[in-house]
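Structures are listed in the sections that come next.
Each of the next two complexes has subunit A plus one other chain: subunit B in the first, subunit C in the second.
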Partner chain A sequence: MTAEAPAIAAPTPLWRRLLNHRSFMVGATLFGAIVLMALLADLIAPHDPLRNNFRYRLGEPNDVHWLGTDRAGRDVLSRIIHGSQVSLRIGLMVVLITGVCGAVIGGLAGYFRHLDNVVMRVMDAMMAFPGILLAIAIAAVLGPSEFNAVLALSITYTPRTARVARAAVLVVREMPYVEAARAVGAGHARILLTHVLPNGLTPLIVQLSYIFAIAILAEAVLSFIGVGPPPPLPTFGNIIADGRDFVQEAPWICLYPGLAIAVAVLGLNLIGDGLRDALDPRMKVDLR
Partner chain B sequence: MIRFLANRLIAALPVLFIVSLLTFVLIYFVPGDVSAELAGPGASAADIARIRSVYGLDSPFHERLLGWYAALAQGDLGQSVLLRRSVTEAILERLPVTLSLTALALVLAIAVGVATGILAAMRVNTWVDQATMTVALAGLSLPDFWLGLVMIYLFAVQLGWLPTGGYVPLTENPVGWLRSMAMPALALALTQIGLLARMTRASMLDVLRQDFMRTARAKGLPNRVVIFKHALANVMIPVITVIGLSVGILLGGAIVIEQVFSIPGVGRLIIGGILRRDFPVIQGGLLLTATVFVLVNLAVDILYAVVDPRVRYDR
Partner chain C sequence: MNAPLLSVRDLSVAFGRNTVVEGVSFDLAPGEILGVVGESGSGKSVTALSIMRLIPAPGRVAGRIDFAGQDLMALPEPRMREIRGRDIAMIFQEPMTSLNPVFTCGDQVMEALVHHRGLDRAGARAEALRLLKLVEIPSAERRLDDYPHQLSGGMRQRVMIAMALACRPKLLLADEPTTALDATIQAQILDLLRGLQRELGMAVILITHDLGVVSEVAHRVLVMYAGRVVETSPAAKIFGRPLHPYTEGLLASIPRLEGPIERLDAIPGQVPPPDAMPAGCRFAPRCRYAEPACAAAPPPLAPRGPGRAAACIRVPA
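Then we have the complex of A and B:
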């Protein structure tokens, strides 16, 4: 026994709260597996994802091609493994861009109240379009490419992060420490960067993990419609689009990339739930 | 109440205005237009220029903007370049198909989602709760168009229970309509079922620990009355908000699902227009879906005030 117990228990560090959060760990494992698959794609893919082999068109899964082959005889497993690179890259770029743009737009609207009305009405109007339709329209008018897919999805989902950032800033700006900073003469830039940003970041991070999930789903839809990154470069979405006409005779082409999407998205959703619980215990619903 | 309604209506107008402006601007700044495609391969620059002037594509920004609003005021969304007919007509003709698909999915999502959420909350931290919430999260994580393809394979190709696609109008043959809509509506609804189940559960747990719930139990009311009379009215307030957002997601999803099941709705029209750069169709489709969304959320706000009298006095 130590001499004296601390009067107030130290708060559990964030990483420990996350490690003890079961669904966060399940999510991290699932999403981690997809990330690992993307990073090691060149090492673990059993075949060249782009090599045609017309003698094995629409081949059933077997010892050589574990998940079968597509309409050009390309190995579906290898295409999924390499496709995860593109799909995750698009998701990550969308998260970074919407995170920064949303924080800036929402932060300014929440902090400088005279901007609020105009900025948020524009955000409301952008959110009135069904997200996926707006993304398809933008991607289509820009032309199908990986960069344009990122741009279309970022424009579509920035209002959603801006709204979350604004709500967080509205709370933080009324805090006593912001008033104190203003009282000692801190300028707007300093208050925004050293007080508002770090304290308002929590809900934004939670939101971004969900945006990552939504971006992966949306990329698949863009590719399915034919306005995503163009073939032959595989993405989760365009492998499904490619197999669509062969659902009857070769269902494996569509089936497995969809499962890969589901694993990645489920993982991210679980990570989001875990972060929400761990970063903001007040949001956790517990019933005693 | 009348003042509340007027306030909400007035607040919706600037959003609708910005929606129409964004719709116009998006298309205005598109590099390249449909005239080159219309003129066909091998057309001379003069031919293309003539087509541009016929469709008013060479007028300056403010003239085209004014033209857009002048036409909108008359309910005219312009002429589809490729269909060679009025966009308004083409959309109105297909609207019932898309709206009936969206409505069926919405009903499914609300019925299953809310019931599941209440069930999970009442059995919180039991296997029932964990199992339903796991399924709800899985549903939330599946791509809906992919689910549609999987369903086609299972229920149409393998089992032969349902048609692989197509559309039978409700007025012509209700059973055929239901058969053609069952898979698309289910694929569409699954995400929203997951979302609504999670929201309802969280909202229900929040309500269950309120003081008035303890009071209701303490005075000896049967559980059924406590849950369905005291709890449900309060649970529904946040859930109604989510339902309003669901309509937008379902509408967007329906546009994609229509491709999977070859349903001749607004979605097929819009996607066709998008892929062939038929700009009036894209504009009309974007404007229409956003307007539906704004109106639905206006209705949700009003419903909100009906369910919860406190909302009316807020501002």
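Then we have the complex of A and C:
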């Protein structure tokens, strides 16, 4: 009995690996600031984001309107703060929907091999369109609304998550513990839920953090060309769209929401990189 | 001999045009340990997987497998799932990856208990603890909540055995259970398996390429070569006087500790690939006694003395 090796020490827990990952922490700080802004919008916005003030149109940034006003005299800072709420909500919905749909479609295609060819060729066909064009086309057909924007982006990005999920399932389904599960009489549902899903989730989570960033950017594009959530609802894209005619006289209208998008997207991408490094045991490179 | 627990008749398994197991027949009595021996690619594992009906999709299985009075080949899949794990259990070669890394050992042992025996969580936990103690895992209480990566290979194989024994199966299929382990741990695991077999009275099919393992544990030996059974004998007799030249070759290639150091008497050549099988005796191209008649037709597995049979035209009846 004594010949067997003692248990090896547990590896560094995930949260500690993430805390030690410098670019993850930078990303988490940047994106955390945007999330905080969205959560506390009603408390911290200095003005009503929808209230017009035509006496003070295209006002320069000053100590009342820190980031200036737009063409209707609305406070740009307040619109950005409230807009972050809508933009993040859209991004989060897209992440949830593409995550679930991608996991189901990719998971079934990877696990039941006879479905694979048909399902993945359909996904390939969808991916053959440039992503943003497909989203614009779907949103234009459905009409401008917040829900339709979510739907358009989810349809557009589900093939990406499905592809990642399928690849993960292809690896996990060949693991001996899956065969061992079959040998103790587990059915397909049980194997998929208790063995394949938890072990194949990692790459999907990483991919979803990038999808979040892409969705925020794509929402801005949809709003900018007028097929996103309709104005006057503030979103990052709507604010920029409102200011595009005044870029010369009032550059702050476009500049600051653009900056907010940049911060959110950069933050999410750094978070994605951090998760990828921390969750992938093969990449033991210390990237600090 | 009383009614066999498992009776396999003319089992053949083919993948595409390649037949990897052909005409395998054997019986297994309740409580008997059958050692299945052969080189890599001889069809040992495929035979075990066919008994579990776990041959993956493109493979085709023919023949008859009767287990405890039921024709396994004819059972609908849901009935077969009930039998897997409850009546027939299996342990695998790779203890390092046969456990799911995201669940604790306790959870995985408990899964079969909840699934097949309908125990509640508290009852399953108590039973899992009893099983871990049965397979002689030290400080079993703590190990219940350990994850697989916290255990050594030998410990993991013990957990696998505990999982396999969870429902007191009538038949245990052990597919190279000690191949991936250190020599000292191998002996411990074999001891454990033999002790448990005696205690629980289950039948065991022990698949291995190591005749040494078989000699320690098995009652009877089935030697397979290139998908066919070439010899079956009581374990006690096969080492004294092997019948088939292939068995003789396997015995000669075991390194010996005593006597002068000399070259190992290895069997020349390799198992032919399944798409290039010789027409007659499949071992003939590597056999030192081969004669022209060997290549003519496959020799039948014919009785050679009490409890013994061999598929070789040179062995006297």
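The definition used in the following text is that the second predicted complex is superposed on the first by the 273 of 288 C-alpha atoms of A that agree within 3 Å, B and C clash if a C-alpha of one lies under 4 Å from a C-alpha of the other, contacts with A are read in each partner's own complex, and residues count from 1 in each chain.
Heads up, the rule we're going with is that a contact is a pair of C-beta atoms (placed from the backbone, for glycine too) under 8 Å apart; a residue touches a chain by one contact, two chains touch by 3 or more.
Keep in mind the model is a prediction, meaning the values are calculated, not measured.
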First (subunit B), second (subunit C), both or neither touched by A:V100: neither
Which of subunit B and subunit C A:N199 touches, first, second, both or neither: second
Touched subunit A residues, subunit B compared with subunit C: B
Contacts of A:R113 with subunit B and subunit C, given as first, second, both or neither: second
Which superposed partner A:R182 touches (first subunit B, second subunit C, both, neither): second
First, second, both or neither for A:A262, with subunit B first and subunit C second: first
First (subunit B), second (subunit C), both or neither touched by A:P251: first
Complex contact set, residues of subunit A against subunit C: 1, 3-8, 10-11, 113, 175-177, 179-187, 190, 194-195, 198-199
Interfacial residue positions of subunit C with respect to subunit A in the complex: 52, 54, 57, 81-86, 89-90, 92, 94, 97-103, 111-112, 115-116, 136, 138, 146-147, 149-152, 154-155, 160, 163-164, 166, 182, 184-185, 188
Sites on subunit A touched by subunit B in the complex: 121-122, 124-134, 136-138, 140-141, 213, 217, 220-221, 224-227, 240, 244, 247-248, 251, 254-255, 257-258, 261-262, 265-266, 269-270, 273, 285, 287
Residues of subunit B touching subunit A in the complex: 14-16, 18-19, 21-22, 26-27, 30, 124-125, 137-138, 140-143, 145-147, 149-150, 152-153, 157, 202, 205-206, 208-209, 248-249, 251-253, 255-256, 259-260, 270-271, 274-275, 277, 282, 285-286, 289-291, 293-294
